[in-house]
Amino acid sequence: MIARKKKTTIFTAVFLCLVLLLGVAGCGPKESADTEDGKTVIKIGTVGPLSGTAAAYGTNVLRGIEVAVDEANASGELGDYVLKIVSEDTEGDWSKAANAFQKLVDIDKVNVIIGAVLSSETAAGGDIIKDAKVPTISPSSTAVDLTKGNPYLFRNCLSDEVQAIQLAEYAVKELGLSKFAILYTNNDYGKSLKDAFEAKANELAEVVAVEVFMDGDENFKSQLTSIKEKNPDSLYIAGYYTEAGKIAQQAKELGMNVQLLGADGLCNVVLLQIGGEAVEGAYATSGFYPDDPTPAVQNFVNAYKEKYNEDPDMFAAQAYDATRIVIEAIKSKGPSSEEIREGIAATKDFPGITGKTSIDEEGDTIKDVIILKVENGKFIRAR
Amino acid sequence: MFVQQLMNGLILGSTYALIALGYTMVYGIIELINFAHGEIYMFGAFVGLILVTVLKVPFFLAFLLAMAASALLGITIEYLAYRPLRRSSRLAALISAIGASIFLSNLALLIMGSTPYNFPTPFEAKVYETPFFIISRVEILVLLSSLLLMIALTLIVQKTKIGKAMRAVAQDKDTASLMGININKIVTITFAIGSALGGAAGVMVGIYFRTVTPTMGLMPGLKGFVAAVVGGIGNIPGAMLGGILLGIAEVLGAAYISSQYRDAVAFALLILVLLLKPSGLLGKPVQEKV
Amino acid sequence: MISPYYLQLIILVGINTIMALSLNLIIGYTGQLSIGHAAFMSLGAYCSALLTLHFNLPFIVSLLGGALFAAFFGILIGIPTLKLKGDYLAIATLGFGEIVRIVCLNLEITGGAVGLRGIPKKTTLLWVVLAVLITAFILNRIIKSRIGRALIAIREDETAADAMGINSTYYKILCFGVGAFFAGLGGGLFAHYMRFLHPKSFDFMKSIEQLCMVVLGGLGNMWGSFVGATILTVVPEMLRSVADLRLLIYGAVLILMMRVRPQGILGESPANGGFKNNSYSQWIQTRLKKSLRKRSGSDKT
């Protein structure tokens, strides 16, 4: 029994040491000086899922930010300032995102935050950054009214409403489609796309079937069989590329002959890899077209490919633009949180790689929607 | 349409059954919910993917190698995370299993990244049409392989000497060891077989759905487990039955109730079965020892 | 002045302590393995948030409303499922947890997939500290009473407890109701602190996290729940500097911890269903039975 007690004591001691050690390790680097090579550091915080099921989106966002920051630091366009990224993982869980936001504003004392990625994460952080008065621009949180009533929260992404409406109009008027089916993913992104598309398509033509799936689902045959029964001439997929590729594949296996339509969530090469021939001819709205010949886009695509050996997608491009908007704000107003906020709010006709961008008084984005088409296993610009 | 939906359920169910077989195997012998089984399934899919795409190994060989690698991983997990706990509480083993699951999926994320990989299909995509339903070649393959694996497994457990030893260990560890059965060896073999099945399931499902990601084991792992319980955990034909029943319930629920509640239907079925027949559809009622 | 980040961590430690304490009553003291505890938390969180948002009730009323709502479901679910034992009960609670999450994801009133925004911030450190103290006090009273001894008897040997005249079903349902009540209370505090709710944070992994808090701290030990909740809230935050390896370390620590000290940091009792022929667990069982006898003896005097 004495031996046992001794063991317990030793264990407790070891454990406490471990905790202390981690505490020290955790606190150490935070106290780093605010200058680097004689330049003043401007800290950019990022929040997003780097692990868990949504990790692919968060990782691409972080990469887009890194490309923009590296570029700005290398070019010296910020003069006496240098940008530094402090990135925080959320595991895709909004309550952990709230911790990440709080840490960035209190401990790291960042000047500005780019994030979060998922709408629920941004919603959880909205009040925190408003209280702390740290401007935040999300590159991908599309939920309706997210930025409303929060002068510190902005976003740089296509509005779900606008892209769904524009595609519905294009589908009816240009493609001559009339019987729509909708398959949407059960999250804020899918739901707001579905609501807007359903309303507009019902106004112009007819929606015959609406079905839903969960993020990460792999088998869609049940929903597709129900849709097939209704004989639509087109299928609007309100979701992301991985699921969309599988949906296209399985629809083809079921012998469905429908025109595939979608939103910016589809625009990733993974869609082409998974979907193969099944996604041939699909149309999708997008803010970003990687084969756009303008130098700004090509510079980004090349820099990204060089760094990560992968093609950038919409998430990366929008994150890059969001970072550029922040950099422009620093250049025009100054590096303090309040100055950056003013700068972002004043953004007008910013020539981004995802199109000409303005920020409205609610912190929402106004930008052009382009429509891409899959042809010969590549995205090409249809409009 | 109804027949097509039944068919859809059958295929979906057999992917669950593939996973459930491994779960049930391990539970049957050591009464441990092997939460890391979903990750073994993911690991198998990745090994298959790397062998086929990077090393250009012929598909069938890659399939067998993926099974072997998964078996190895299963044995390692058992040795490191479960064996030291065999004499401590069940809850400790459960937490250890959860730890293993978290560790493995994040290790995969660290090494392989989060972008989904495309699994090249080894067969020409061909679709067969009958008057009542449409079925693809891969689906027939998934269906047949889960059936074959189930039969093979039943034969191993019922007809071989090792199977006999497994059943003895499942019934009473202490007596079995007194009879000269090497418990450690039997548990290792059980884990090897269960994990090989998990790996096989990973490759099959990878081919079927064409993607492999580090987090692919989470939801299917949970569903496979539910399937094993519905059929009667520890019972091999039960895992098959449970998987198929779960698949059909999900598909019909999505088609005739609402696709919003598809997963809820699966879990409601689970609770219903547990209430009506706690030991599962084919499970033997557990006699409580006093 | 304490920085808001540390304040937030302290508040989360408090809320997690309430969650762990209430789960400890179910798992640690009564020996019923539940892995759907986050569902009760979400029921309490949504109910109290909606009471505040739609009826503008005082904070204390909506907190209690949420807690009672969760307790109601705890009893409702408890009645049929508590006939199940061990792993089967665990699986049924898992299923229940997933159903609650999916329903919350699809209802209009909960904000569905978009989430519930604009909940006023009413939870302060004082509220949380008070709630933790009250929870600990009440649970402690329950455990030290006749009810507590009945619960521990059920954990040690349900058949024997039944034979002794303890109505085990009644006590198990009571324990589920009380556990769910405090989980709902924790949920209400959580909702009014976060100002936002989404079903994503009440999934299977959350239940597992709460289970880990209880087991890590020590089953059947109230201080253990506090220690477990503190460690599992604070350490992941400390590990932020090694972002990539964070969850890897978490998984490895769980495995190691179970090897080195399976009964948890402060735990002394063997968990439900342990092998009986282990000398260590036998030693503890006899010790527990002795203390059980001692306690019932001292009550009489």
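Chains: A, B and C, in written order; residue numbering restarts at 1 for each.
Note that in this section contacts are C-beta pairs under 8 Å (C-beta built on N, C-alpha and C of every residue); 3 or more make two chains touch, one makes a residue touch a chain.
Note that the coordinates shown come from a computational prediction; the quantities given were computed from them, not determined experimentally.
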| said: Looking only at C-beta pairs that count as contacts, which pair of chains has more of them, B-C or A-B? | reply: B-C
| field | Chain whose mean Cα position lies farthest from subunit B | value | A
| remark: Chain-centre distance (mean CA atoms) for subunit A and subunit C, in whole Å, is 35
| remark: Per the C-alpha means, the centres of subunit B and subunit C lie apart by a whole-Å value of 30
| With chain centres defined as C-alpha means, what is the inter-centre distance between subunit A and subunit B in Å? | 34
| query | In subunit C, which residues are in touch with two or more of the other chains? | reply | 105-106, 244, 247
| note | Multi-chain contacts in subunit A, i.e. residues touching at least two other chains, fall at 50-51, 186
| task | Could you tell me which residues belong to subunit B and also touch two or more other chains? | result | 106, 260, 263
| field | subunit A to subunit C touching residues, read off their complex | value | 11-12, 15, 19, 22-23, 25-26, 28-30, 50-51, 87-89, 91-95, 98-100, 102-103, 105-107, 119-120, 123-124, 126-127, 131-132, 143-144, 186-188, 190-192
| message | Under the stated contact criterion, what part of subunit B meets subunit C in this complex? | response | 31, 33, 80-81, 84-93, 95-96, 98-104, 106-107, 110, 174, 222, 225-226, 229, 233, 260-261, 263-264, 267-268, 270-271, 274-275, 278-279, 288, 290
| Parts of subunit C lying in touch with subunit B, wherever the complex brings them together | 27, 33, 80-81, 83-88, 90-92, 94-96, 98-99, 102-103, 105-106, 159, 204, 208, 211-212, 215, 219, 244-245, 247-248, 250-255, 257-259, 262-263, 270-275, 277-278, 281
| said: Using the touch definition from the top, list the residues of subunit A that touch subunit B in their complex. | reply: 50-53, 55-56, 58-59, 186, 211-214, 216, 218-219, 221-223, 225-226, 228-229, 242, 245-246, 249, 253-255, 270, 273-274, 310
| In the complex of these two chains, what residues of subunit B are touching subunit A? | 1, 4-5, 8-9, 11-12, 15, 106, 109, 113-116, 118, 125, 127, 129, 134, 136, 205, 209-211, 213-215, 218-220, 250-252, 254-255, 258-260, 262-263
